[in-house]
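In what follows, structures are represented as structure tokens.
Look at the two complexes coming up: chain A is in both, with chain B in one and chain C in the other.
So, the complex of A and B:
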């Protein structure tokens, strides 16, 4: 099979998996609604409360699961290519945590009540700040270690500040929500959340997709890329702004969800060959599939509790991360 | 709606037999006493067990309450000058009905150190008060009486009688019990056939065996969560609430000023599509966070709401 044909097959398989998981996500929930019944209610609009459940509770949840998963997979692939660092992803670099901090500030200060767009915008600002700090710390050489350590510092600081803000809130429920902002959840989100986050995520995806060709050439090194006519400043802007917009909006409505951006590109890279631009759409689809799967699982494992998504993604992601570190050590030796 | 609640509240606070005695002079004296106690604390610790025990038979005169429910019992039952301090929650309108009355007392945060400085002869605490604090106070020789959260109205009667006994104010306690019983009898509790779910922040709902459930029953409402097998408090996701479809959804009427995601469930469009304003009843949490005669006001609001949905 030629490489192109195999790439198309991978994309088609992933696309099918995402579609199947999306439908499955619509049919899983605490209310006992049959598979066919539920889908019928979704489209016909005849069964009153069942239609409300399908259209206003499950549909936004499935849409957000798909879009946020795609955001994390895509941004992970772009960050790994752009920073030429196998460990780069929004969670480990502190981008998700600072987006959470931004969202926490907007939400708990009451700013987002008066001006709803403040929520994604503030999360976006937090995310952008983290990418800029990590990029600056990486410098031109960008050693793996420096980038990860900068990410650890940004992550710890943002998480601590968010916890502080939540603990100081006069609302006693706020402190309990630290878990949400650190681990993420899609429980009982509404179409309002979709309307708020989707435009930013779509804009972010567009910017990230435009980095594809530059990432291919960047595998040859900065100088070679520049001599081949790649505008490095433009690429940097697209990568930073695209990540900030998409991850910021995703985090603003669902909290920080770790490891998807790390695991998915690594799993798919052997399948699509080591061409960064091909990895981008594959990672987006892979991320969507994994997050939908995680969100279905939290509802099956503990239907009456709001189990956080980050618990499941860390369960798979953390051992994988250790394995990556182990492999990196062996290669260095 | 809000106006009606406020009037109802004033009526309760102002009317007999729930009249609350404000004693400003007493508060002034006690802070002076605490200051003296503070300066002497080191000396007294060294000298001997620093305990002000009430003399045999005499009613305690320096009572400190550290729990929002015992705070309200104590404020309702204690005689002039008997109660020294109440918890900080007593002046939080989300938890306490007696915010105004609480101003007459010193505020504590349930910490062993500040309670020690007050040198109480009786400490009233909830069973959920930090264990270490209770142990420490007892080791220091203070008398600590623990009160369980109430589950029904017989618990409320029992606790009021018990506090009456502890404070030597049995008559006052009996008066309050009689007031409660009269109110409950007036509410009659005959099932109206209406179903209701008390659904609050984070989608927590009151199942069977909770005081909220007892108050709903007293108002003649049926809790459909009993059929779902939900005992105690439990999370009832929005989806489930929509399929249970109660006639009324009872929400808290005192939202916090500062926002939190916890209250998003009450703003979800699906919730508003399914339950119009006529099917939502706001009951200030303070009315039934603790079981007091004030819970009668919650019952009255519930009965009115059930009547309005005919």
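So, the complex of A and C:
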């Protein structure tokens, strides 16, 4: 099979998996709704109660699962390609941590009770702040090492501030709410959340997608890439701002969901011949499939206990990542 | 025709002046060896020529100043000293990255691009492992793949920073022949070389740099004199004319002055 045919097959398979998991996600939940009935209610709008459940509860959850998963997979692939570091992930730039801090501030100050959009808006502001600091620190040199170091510093500071909020929290319920929110979840999200996050995610995807060709050439290093006509500053801007917009919006509505941005590009890289630009669509689809699968799993494993999505992805993702490391070590030996 | 015209080029890295008023003109058909001790500014001169480091002075490529990065990439190809390939791409794909400046946005390589890639791979003797991952190759094979990548760029001027390092004698000579061939076909090559023997026998012209300035420029036999090898490199050398050209072999450090 030719290289291009194999790549198309990978994308088609992943696309089919995403479509199937999206439909499955619509049909899993505490309300006992049959598969066919549910889908009929969703589209026809005739069965009043069922239609409300499908349109107001399950549909936004499935849409967010798909979009957030795609965001994490895509931004992970872009950052690994841009930083040429297989350990890079969206959290590395400090964007997840600072968006979480923004959300914590909204929860802690009670703003989120005053009006519901305060939490995601505050999280987006946190992500924007992180990107400004990281870009300013990276400076005109555009060195990838300074980007990583600035991201680590922003992450550490945001985590410390979030801990401080917990530490000083006047009542245990606010603290509990903060802790639960930080674990990441798609439960009880509304169409309003979708409407808020989707434009930022789509804009972020567009920016990230434009880096594809530059990422291929960056395989040869900064100097060779620049000599081939790649604008390194533009690439840095697209990678960081695209991640901030899409991951910031994802974190704003769902909290921090780890490991997908790290593991999915790793898993799919060998299937696309390691070509960074080809990894982008594959990783976006793969991220969407994995997050939808994880979100279906939390509903099936412990329907009564509200198992948090971020807990599950880390619980499965971390040992899986260890396995990847072990396999890489064995192949290198 | 002048492919590279550098006039009064100055570069500072931090507070340290690295290039102090370099002027250099390279015509089509020349194979120039850029030689000089470590820290003389050879790599910086290449980077400044490509606009990779900020500089003061004039750099004209094929008669043009102020080219966009993309236009520049069609005129000059560059092989950096550091041999960096980050992902296990196939040899063919790495070489085809050289076609990037010729591809309009959102288009895939056409017949002309595939021809250029195949030609470059044959020329550097890497076509036999076109389908293998470049990270699995030996250092010398990787070096040849990266030079093939620059050849695929089809730019009239090629800048190569220590291209012979890590190659065995057969491939060093093959590379020198390839560069000489490019010059004969009307392109030009500027290569940083530390192997004075290769530089002496293959280059049409040598440019000797020391402490950020050009101290000698001309045919190998005029540049590599015993006196210059002593004053610039601090070595005694064997220098003789041979049927095959000039033979230069550094022998020992010069005796410390009394």
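In this text, the second predicted complex is superposed on the first by the 256 of 333 C-alpha atoms of A that agree within 3 Å, B and C clash if a C-alpha of one lies under 4 Å from a C-alpha of the other, contacts with A are read in each partner's own complex, and residues count from 1 in each chain.
Here is the rule we go by: contacts are C-beta pairs under 8 Å (C-beta built on N, C-alpha and C of every residue); 3 or more make two chains touch, one makes a residue touch a chain.
Everything numeric here is computed off the predicted structure, so don't read it as measured data.
By the document's definition of touching, neither partner reaches A:152: not chain B, not chain C. By the touch criterion stated above, A:53 is placed in contact with chain B alone, chain C being left untouched.
A simple residue count on chain A separates chain B from chain C, and the partner touching more is B. In the superposition on chain A, A:20 makes contact with neither chain B nor chain C. In the superposition on chain A, contact of A:219 is made with chain C only, not with chain B. Residue contacts after overlaying the shared chain place A:12 against neither chain B nor chain C.
The residues of chain A shared by its contacts with chain B and with chain C come to none at all. The residues of chain C lying in touch with chain A in their complex are 47, 50-52, 68-73, 76-80, 82, 84-90, 93-94, 97-98, 100-101, 105, 133, 146, 149, 153. Those residues of chain A that touch chain B in the complex are listed here as 29-32, 49, 52-53, 56-58, 107-108, 110, 112-113, 169-174, 176-177, 180, 187-188, 190-192, 303-306.
Only residues 84, 213, 216-221, 223-224, 226-231, 269, 273-276 of chain A touch chain C when the two sit together in their complex.
Against chain A, the residues of chain B that register as touching in their complex are 201-203, 234-235, 237-240, 242-243, 245, 256-265, 268-270, 273-274.
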